[in-house]
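Next, two complexes with chain A in common: one pairs it with chain B, the other with chain C.
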Partner chain A sequence: MPWTRACAADDVDAEDVIRFDHAGQVFAIYRSPDDEFFATQGLCTHEAACLADGLVMDDIIECPKHNGRFNYKTGQAKGAPVTVPLRTFPIKVEDGAVFVDIG
Partner chain B sequence: MTAVAAPIPATPRDYSLVGRDAAWAVESGLATAEWYHTEIPRKQMKALMQREDGPAIRDTIIWLGAFVVFAAGGIWFWGSWWAVPFFICYGVLYGGSTDSRWHECGHGTAFKTRWMNNALYQLACFMIMREPTIWRWSHARHHTDTIIVGRDPEIAFMRPPKMLMVALNYFAFPTVPKVIARVAYHATGRMTDEEKTFVPETEWPKVYAVARIWTMLHLIPIALALYLQSWIPVLLVGPLPTMYGAWLETIFGTTQHAGLADNVLDHRLNARTVYMNPLFRFIYWNMNYHVEHHMFPMVPYHRLRELHEIMQPDLPKPCSSLFDAYREIIPALWRQRREPDYYIRRELPPTARPYRPDLHGQESAAATAP
Partner chain C sequence: MAGIVIVGAGECGTRAAFALREAGHDGPITLIGDEPHLPYERPPLSKAALGGDTVVPKLIADEARLQESGIEHRRGVRVTGIDRTERRLSTDSGALSYDKLLLATGSTPRRLTQDGAELLHIAYLRTLADAAALQPRLRPGARIVIIGAGFIGLELAAAASGRGCRVTVIEMLPRILARLVPAEIAAVIAARHAVAGVEILTGVAIARLETGPAAARITLGDGRQLDADLLVAGIGALPATGLAVAAGLAIDNGIAVDAELRTADAHILAAGDCCSFPLALYGGRRVRLEAWRSAQELGNLAARNLLGGAEPHAAVPWFWSDQYDLGLQIAGLPDEGRETVRRNLGDGAFLIFHLANGRLVAASGIGPGTTIGRDIRLAELLVARHVHPDPAQLAAPGVKLKSLLAA
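Take a look at the complex of A and B:
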């Protein structure tokens, strides 16, 4: 599988998100309050705002533009104004680095 | 997306969401565009965005308590002139302060707990007579395309302004009669063509359901008034308090964008921050920090003052008071009656990053307005 190094694990604070750009695509890399890592597409499905500028609360990422909410673990849209789920990507941490399977 | 230069459409402006200027905004890159924002370090912004229940619970208890006190006073003194100030205050709460509660809870930033935001949102929507689903989506568009002609459904002061309509708006006229007609229309299971441009079809059943519930709820005070042979029920609940209490919210709300630029992609040009006293900021839930709110809508109302302090070097000088704001708004609106292209240009301090004409192709032309 095409695992791609996204960042160092320490680059992401607990209960936070950072942006990762690769091959013309934008991804969002999350670290949950339980120190688990997750990856989704980086732009909101509503109007393409950068999710890495948003707020992580437990398992929710809130879009910075219109406060649309997604579950970043499943990609599920959790309420207006977002209706389309986020695409999620497999992720792993090895030797302090975060890798994403961008498919 | 970055806007590209395009011919400025000749006035009169077409504010329809399905009209000429709507198409032009899309063609020229002004729709769903990249907007200027002040650079704030991520850790600092993350701290400002944090949610908590405490401030909004405290404010809501005080707010609901004030409703009870003023309603009780109005009823107690009914039949004498002493009832009038109580109803004035009650109206300011019912038809005025609900604007900021609707707004903040619509963003989901007032409370940390989701159901609290939703509950207060529904209550405020009912009082101020804004259909909750329609306005949730219209406000999302307002934040995407703030004061972009043909795109923003919440432009309160269209150019050229009609001064009689501006004055009537202080008593929510014809807004409230139009809402009554629109609720009746939605109750029959229909949406207008304009609403279809910003409300997804999956949300339409919610619009119809709320319209039917509202119709029934509004009949209750009317029936009670007839049964009791008293005006009190309809002065406390329904369209009347929304209208007689609208004036203060309109005084506040007018300052948000009136007289400033349209079709630009920088909130420093099209929104206004006004300093207010603590009572007004309680009623208005700090929406006087309007540039700050538009640039960073994730920041809760109770952190906006702090955000303002951080952003201040990058912002135009705020209006020092409501009086100061109206001193520039009234002459600007008056002038726009004859010169619709006129607007108040905001000067930036030397510490600010300059306006970026490349973001909005019209800026360089608009900047030449006297």
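Take a look at the complex of A and C:
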């Protein structure tokens, strides 16, 4: 699968997240406090809330609906109410643009 | 070894059972529930669960997870008494000893006591069985009258109107959601219900309930009459304290526990919406929280304190409701506030900050979907830190709340 352009690097603040929609799928694009980029599925594994409305603190994305917490770098679910991890996707930055391998 | 016994397999009791294992407890854990089901989430029962063809429970844990964690879940078992001297429970299926006991007995819907109520079939909504009984009656064109414009009543109204029912909500108080939600937000919700064709009558008393041409006839204080194919009451919940009362434990709007969730009996703790406890965040004000996240937090805390911890409850209360496409969230208790500051976001979403003597004590927000989720979460962190923010910054959408956290 080719790399898909998701956004400009500047579209995402440090320690923040934005939503990226592509071909009927929702992704979440994160920029860590130390300026690394990550991508996960965009909807929570608990009740499908949009994770880009959630809060990023360090390595954690917290779902805006019921505060389920995930490590957005690994997808790991950090405890109740979430038990199923997030799917993660390879990501790269080239010439100021963020690309996701949507596999 | 008798181990730890938890009475109540709802959100709180179930969370406590898992939290005991997560904290390293390796002794026996028995989780007793009087419902015949695996532990399930209650919040969807007044929302999404009513929208489908059948009510499908959203499980908190399935059989395999309970087994993996070594939690013995006894379903459909009613605990009938606590012998505190012998540390033994009596149940409708035999006796059971405990080393430590957690009461997470929850609450039960307040019943309508109006004259005539005893003659009618009045529906209530708390359990999976309640929802399963209600769902097939939400037929297109059915006339549904809901007494009480709290969260349950209004969520049910939204779900019923979505199924094509003709819905009327009756509220005695002058406005909807009067107990917890600021008037500006309640007005948005009321307007959304009006768009959906739900009729909300506020400031009305019920004069009489009787059978009529339909299942129920409701006569209001001003003489108006409503005929209902289905009458539902959502007028609050009462803590399930029967066992605790019989066991001689102190009661104060629920089983009275200290900030560490302990009763006066060193072997018994209580958690969830069956108990009240002092909340240091608000100067030790005694609160009883009927909320999903509180149930989890209190379950987690009870588990740690059952295992020798001595942590007081410190979490900021948090509530939410979904109605139609609107999401409402509240962090903290708005009634602690004296002044409010409003911040407008996009798409009609807005936040209300509640302040008392300059301190941020709560925040409420409403908007489409989860648009206000992040800001309410940040506000919650600010409330927990006892901050005194500049009201001008709170009001300005351009000022990120996250930046106030760093201050």
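Please note the rule applied: the second predicted complex is superposed on the first by the 102 of 103 C-alpha atoms of A that agree within 3 Å, B and C clash if a C-alpha of one lies under 4 Å from a C-alpha of the other, contacts with A are read in each partner's own complex, and residues count from 1 in each chain.
As a working rule, contacts are C-beta pairs under 8 Å (C-beta built on N, C-alpha and C of every residue); 3 or more make two chains touch, one makes a residue touch a chain.
Only a predicted model underlies this, so the values are computations on that prediction, with no experimental measurement involved.
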With chain A superposed, do chain B and chain C clash or fit?
clash
Classify the contacts of A:69 with the two partner chains as first (chain B alone), second (chain C alone), both, or neither.
first
First, second, both or neither for A:81, with chain B first and chain C second:
both
Which of the two partners, first being chain B and second being chain C, lies in contact with A:50: first, second, both, or neither?
second
Looking at A:25 after the superposition, I want to know if it touches chain B, chain C, both of them or none. Which is it: first, second, both, neither?
neither
Interface residues of chain A shared between complexes with chain B and chain C
53-55, 62, 64-67, 80-81, 83
Chain A residues touching chain C - in the complex, by the definition given at the top:
15, 49-50, 53-55, 62-67, 79-81, 83
Mind pulling up the chain B residues that touch chain A in the complex?
32, 45-46, 49-51, 107-109, 112, 133, 136-137, 140, 143-144, 200, 202-203, 296-298
Chain A residues within the chain B interface of the complex
16, 46-48, 53-55, 57, 62, 64-67, 69, 80-81, 83
Which residues of chain C touch chain A once you look at their complex with the stated criterion?
15, 18, 22, 41, 60, 65, 292-293, 296, 318, 320, 327, 369-374, 377-378, 402
